[in-house]
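Listed next: structures, encoded as structure tokens.
In the two complexes that follow, chain A is the common piece, with chain B as its partner first and chain C second.
Moving on to the complex of A and B:
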């Protein structure tokens, strides 16, 4: 039996030879599954979102967490059941929508921040008896989240918090089994939004802080999962937002990238996150020019140390290049080099080139080193507004020669570079 | 009731040391009639773990001459020192060996399902002891063995880091060309020479690398050194970030002997502790064994450990309990890593000197165990020091212990509560077969479990099973208990 190969969300498909006994068992399972599914769909179609249906969704989702319709049924059950009633007058829009959407890592939805619109605060009375009709748009028309005017959380909030936490816990075993199932993550995000909508900021915050813990754990298991990094950024952004009475978490997040890099240098996402945090970090530190220069020095030294042990690693070269771009294009990247004169920039760039040349002592055949040297030497000429000197031209030709030798598949590209910068052997130049 | 002597046993196994116990595990599903005896009153033989009281009994026995390879034991309890807990709070291991993730022992424990009964802990970083210089305190320096560790160490120059990286990359592919051609001419020469010639490494860098091999004489051959380092590198991260080896809780290899004998018993083997062999006689390719219990049994095969001692240098050991938890040694190495329970510190040749001014020509290794291993109460640690046997060995080990405490105490008073010292002499390698009598050699005393210890077990198994031996099924079993089924999800509300 040919193996179909491939995988669904990282879980490999295997073809198994089944005995008759196994086939019979599988048929029984299929029958039970279908029965369950029919029940849920039939009752939902009638508008039955009672606790019994809720329990059925638990069973069905354990068997098949990818069945997004059932997640929606579950949401409706919660809204018409366990969750306390919220009054109309929404200041939350699409953020709370339950229309099926993929768990985007950077949702464009607006945060449910307390708006200044005059809305009546929710009357936390008991939920109306009976089921809510299907006409109820499952948008928990959130008014302003309850302000902490009273010291004790209201009964409704306590109940909602318990419900939310129970639901979050429900998803955990499902996540462990299917860590890349978008619908589970989408449901979690919906629950987290509910926390903002229904709970006062400090309570909602605890829920989101736990989520950050979960994101950290996920990244601990798979440091290079860029979905997880995006999710983390989303959670951090929320925690920083006014709706959760947040402050800046830039320092903590920067320290986090430090730790991630320490455990695995080759991590595009961690270096990328780091580069994104730097402008805000320096702004918050109130760094003056001297402090910014010192910061740049430290970053350069660190990335050079990293390149010293991992010159074949592209993620490191990308970060180094980012730092170089700060030198070469200060308009686009003003954070670290304000107040640098042209001489300063040239000096820094020269030093970097010399340091990288030292790597060639022991790493004679690493392509990325030659590419780096080539690119940076051209940047140097660009900064100085001159064409390459004779010695520089010799270097460029030699490095290009090495690149042609190390990567013959890209000879077209090397040929282009050669022409573009007038580096053909024996070409005339001053 | 059937008497022992009524049965023709398929095999009588004498001793419950690691190899004999693994044999019992290997045979636990075979349906063979197995009688497994041990002259000691405890399981584990030369790999046992002791409470303080057990240790004292053991010392008495060994002093009286029935210690096999062990000799010259002594215990020093520090009088008037408060802090030593009750006897049963300790489980001092005779074989506190680390097991590298890629070790064949682990794959056998997994395939035989025996792993489920052992709790494994992360065995963490390696350190080198740097003696005090210019009135500075002695320090412990991490030995970097991954790219990230080389990156973060401040103890090594940039140039040296590049050499280290080149070497580490070389080792990972050392069996392929062109690496193979580079080292083969040096195969039987010392690794240090190879490192100097091919990688231009200075003495300090050479020391790092040789220490990674945990070589007892510091003079390991190139081909052995490369194999050991490659195993270390490829074991890195297998069971979690930041560590390459694991350690069984509750006394190291002793725990493996316990679960293996348990598996043997579940499989029907008969166990008799406190029973040894008085005499054996080979009759018609069967062996008649007279037991110290008075019974005489007949068996198709007898498996026992060798009693002989070779002239090879043995090792000298010191087990010390100290009153510090050594928290700084047992921090998780990287983000997300488990807390290590074992740390290894090497004292390279020349870094230690006794009061008399003599220094060892060979390294001392100190394996520090936190209370997470179950070997001592919380707030204390157990230190296992090993060096080759020399006339100075005892003094050198004492010096190493002192220097270690000096380097790690960080101002807190740390007392040595208890010391157990002994010599472990060298036994023969491999195994010997004389008709129905199979004699196991001594297991390798190396600090990290040596897979060569496993081959004689397999040979013994082959002989017991005879025609019925199906080699791919060696140590491959299904779980006895029914494991949680998918169906549960279908029935559960």
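Moving on to the complex of A and C:
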């Protein structure tokens, strides 16, 4: 299974020998931790989801945000009546201000131990109490969300909003410390679902809107964090949906990728996001043939300028491929320029190949340039429905030779391509 | 590379004895704080450790009966397994439980002393989103292609894949494909080597590899190998031993393992081992853990490192076990 956040990443290997003093300190920490854990588990097993247990989960989750069962206990505390009983000031908002970091550990980077000889019997408590089957929508204690009216929020709604906001605040320092912890992200999304279930759309919307700010903040700290990118996509999709009475945000999100790319051309996550937004963007703009052509021209120019600066950057080449695939396979990939004739597509591809050849004048030893030339020349032949001409074949053989020389790691691939396209030097049927 | 172990130069020797001892020691570290902080991964950790031991040729290094006792002690009435006794049931730990029981040929014990195969199958099948075909991790609804793969993995081992809507799940995976040939967590998400493994493996289990753009994906995967020989998980990211599994197993599934430099990757993985105290880390000189240990060893097995048992690239279990369980 994929990383669950319990593995060691980037922690220097040190001697595993601890001093007596360290051992003693560890034993004390273990005792404190286990006592807290025992309390929460024993009370949850008895079905006790009181505010007192809720507070214990706060302490435990600060020590170990990877402890998914405790996040579930916390959810049950909220659901089992506490959602409307638990006032914002009672337990959470005071205990969980963003500055109250008590945990000194880094639970996201702890080691994973196996346990083969554990003999602990199963806990006597009830198994998971939830309903079977899966839906992303939890069943809230309250019934349907209140009808949308212009009146003031009800008392219950105000309390629920305060509870949700306090919960969202509670997770922020944990997220900042463990930005790759799946459980925190999913707990947060669950809270947001609760907002939709419990609050009228305009109020729920304010909660979701805040989340876009969080995603931006997290991506500011780590611009490749795929949790944060995924969260952002999810939040945007919801903000656009009728459940929050939203409208399209595609222009704003596209502009966001612009900003991310400006500050770091190598950010493939932003280029990827762009590739997913473009088809919708053009459709929603009602872009006609000329507008689409102008759009593609601008994208190509931008990526060529970037390649002029960083021809060794894979992120840029992948995005360039995305634009080229639009020309080569207009039916397979979401077409940016569906009105292009075959001649248009051939002309564009030819121009790109010429532009890439110019890169060689400044960069003679970058394998990605040769790979681009090789791939695109084969596409050109494919579009024109012919085999490579003698001059093209000479080029292909030469570029493949460069690839073998500059990039011997992937020699197996070069050998396959050589065979597949019948490019062994000398032997050919031109 | 020489085919026998003792012909290898010292820096290319796998410290098998140290690794076995390291894995055996993992449950005797109860005086370490981390041991308690990682209890939510105990069953997964047992699967990782046990798989590594099987691949190292020491399948009996952990006592079988205690292993079964522990696994069964994690099961809930629902059929699902938690990470440890008293932890809530979750797809991830349930899959590990099934994989462990399959590896040590203990499905019978699941019938006689546990809640039975059918109940486990029911637990997993109930986590399928019948509208979209994907799977949740547990009753709280987080969805991810990791869980879809986990469901296919465990259900196929149990012989219960017909409990779920395979076609719908396959359509969902197809919707997660990107222009670069890779797959993400969900439709729209960036390609990521870990998710590519889960999607390609799930398609392989479903017999639908025809949906994979093998040329494009193979290229992307091969470009994960960077200077130094290690593999990264996405473009322009650092290398990490765990991708020796996610990337390599995916390449193996689509028949393109030869598109990367085998010897350089072997050397990179071996540079990440702690030859004295055992275990493998993410990068040379870092702290080891059982997670990187199993994926490093599984990677070496795929690279046919001498002396290792062959690993099944779809299940991350010894091939001998999957061959037997799946009746191949």
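The working rule: the second predicted complex is superposed on the first by the 336 of 430 C-alpha atoms of A that agree within 3 Å, B and C clash if a C-alpha of one lies under 4 Å from a C-alpha of the other, contacts with A are read in each partner's own complex, and residues count from 1 in each chain.
The rule we apply is simple: a contact is a pair of C-beta atoms (placed from the backbone, for glycine too) under 8 Å apart; a residue touches a chain by one contact, two chains touch by 3 or more.
Quantities reported herein were computed from a predicted structural model and do not represent experimental measurements.
More residues of chain A lie in touch with C than with the remaining chain of the pair chain B and chain C. Of the two partner chains placed around the shared chain by superposition, chain C is the only one that A:230 touches, whereas chain B remains out of contact.
Within the superposed three-chain model, A:19 lies out of touch with both chain B and chain C [touch as defined at top]. In the superposition on chain A, A:75 makes contact with chain C only, while chain B stays out of contact range.
In the superposed model, A:263 makes contact with chain B only, not with chain C. When the shared chain is aligned, no partner comes close enough to touch A:331: not chain B, not chain C. Contacts of A:29 after superposition on the shared chain: both chain B and chain C are touched.
Of the residues of chain A, those at positions 29, 33, 63 touch chain B in one of the two structures and chain C in the other. Of all residues in chain A, those touching chain C in their complex are 1-4, 6-14, 16, 23, 26-27, 29-30, 33-34, 37, 41, 45, 63-64, 66-69, 72, 75, 105, 107, 110-123, 125, 127-128, 130-138, 182, 186, 189-190, 193, 224, 226, 229-230, 233, 266, 268-269, 272-273, 275-276, 313-315, 318, 321-322, 325, 333, 408-413, 416. Against chain A, in their complex, chain C makes its touches with residues 23, 26-27, 29-42, 44-50, 62-63, 66-67, 69-70, 73-78, 80, 82-90, 92, 95-96, 123, 126-129, 135-143, 146, 149-150, 178-180, 184-186, 188-192, 194-195, 197-198, 218-220, 222-223, 225, 234-237, 240, 242, 246, 256, 258-261, 264, 274, 277, 281-283, 285-292.
Residue ranges of chain A in contact with chain B, taken from their complex: 25, 29, 32-33, 55, 58-59, 62-63, 217, 220-221, 259-260, 262-265, 305-306, 308-310, 358-359, 361-363. Across the complex, chain A is touched by residues 147-148, 150-152, 158-159, 161-163, 165-166, 241-242, 334-337, 486-487, 489-490, 492-493 of chain B.
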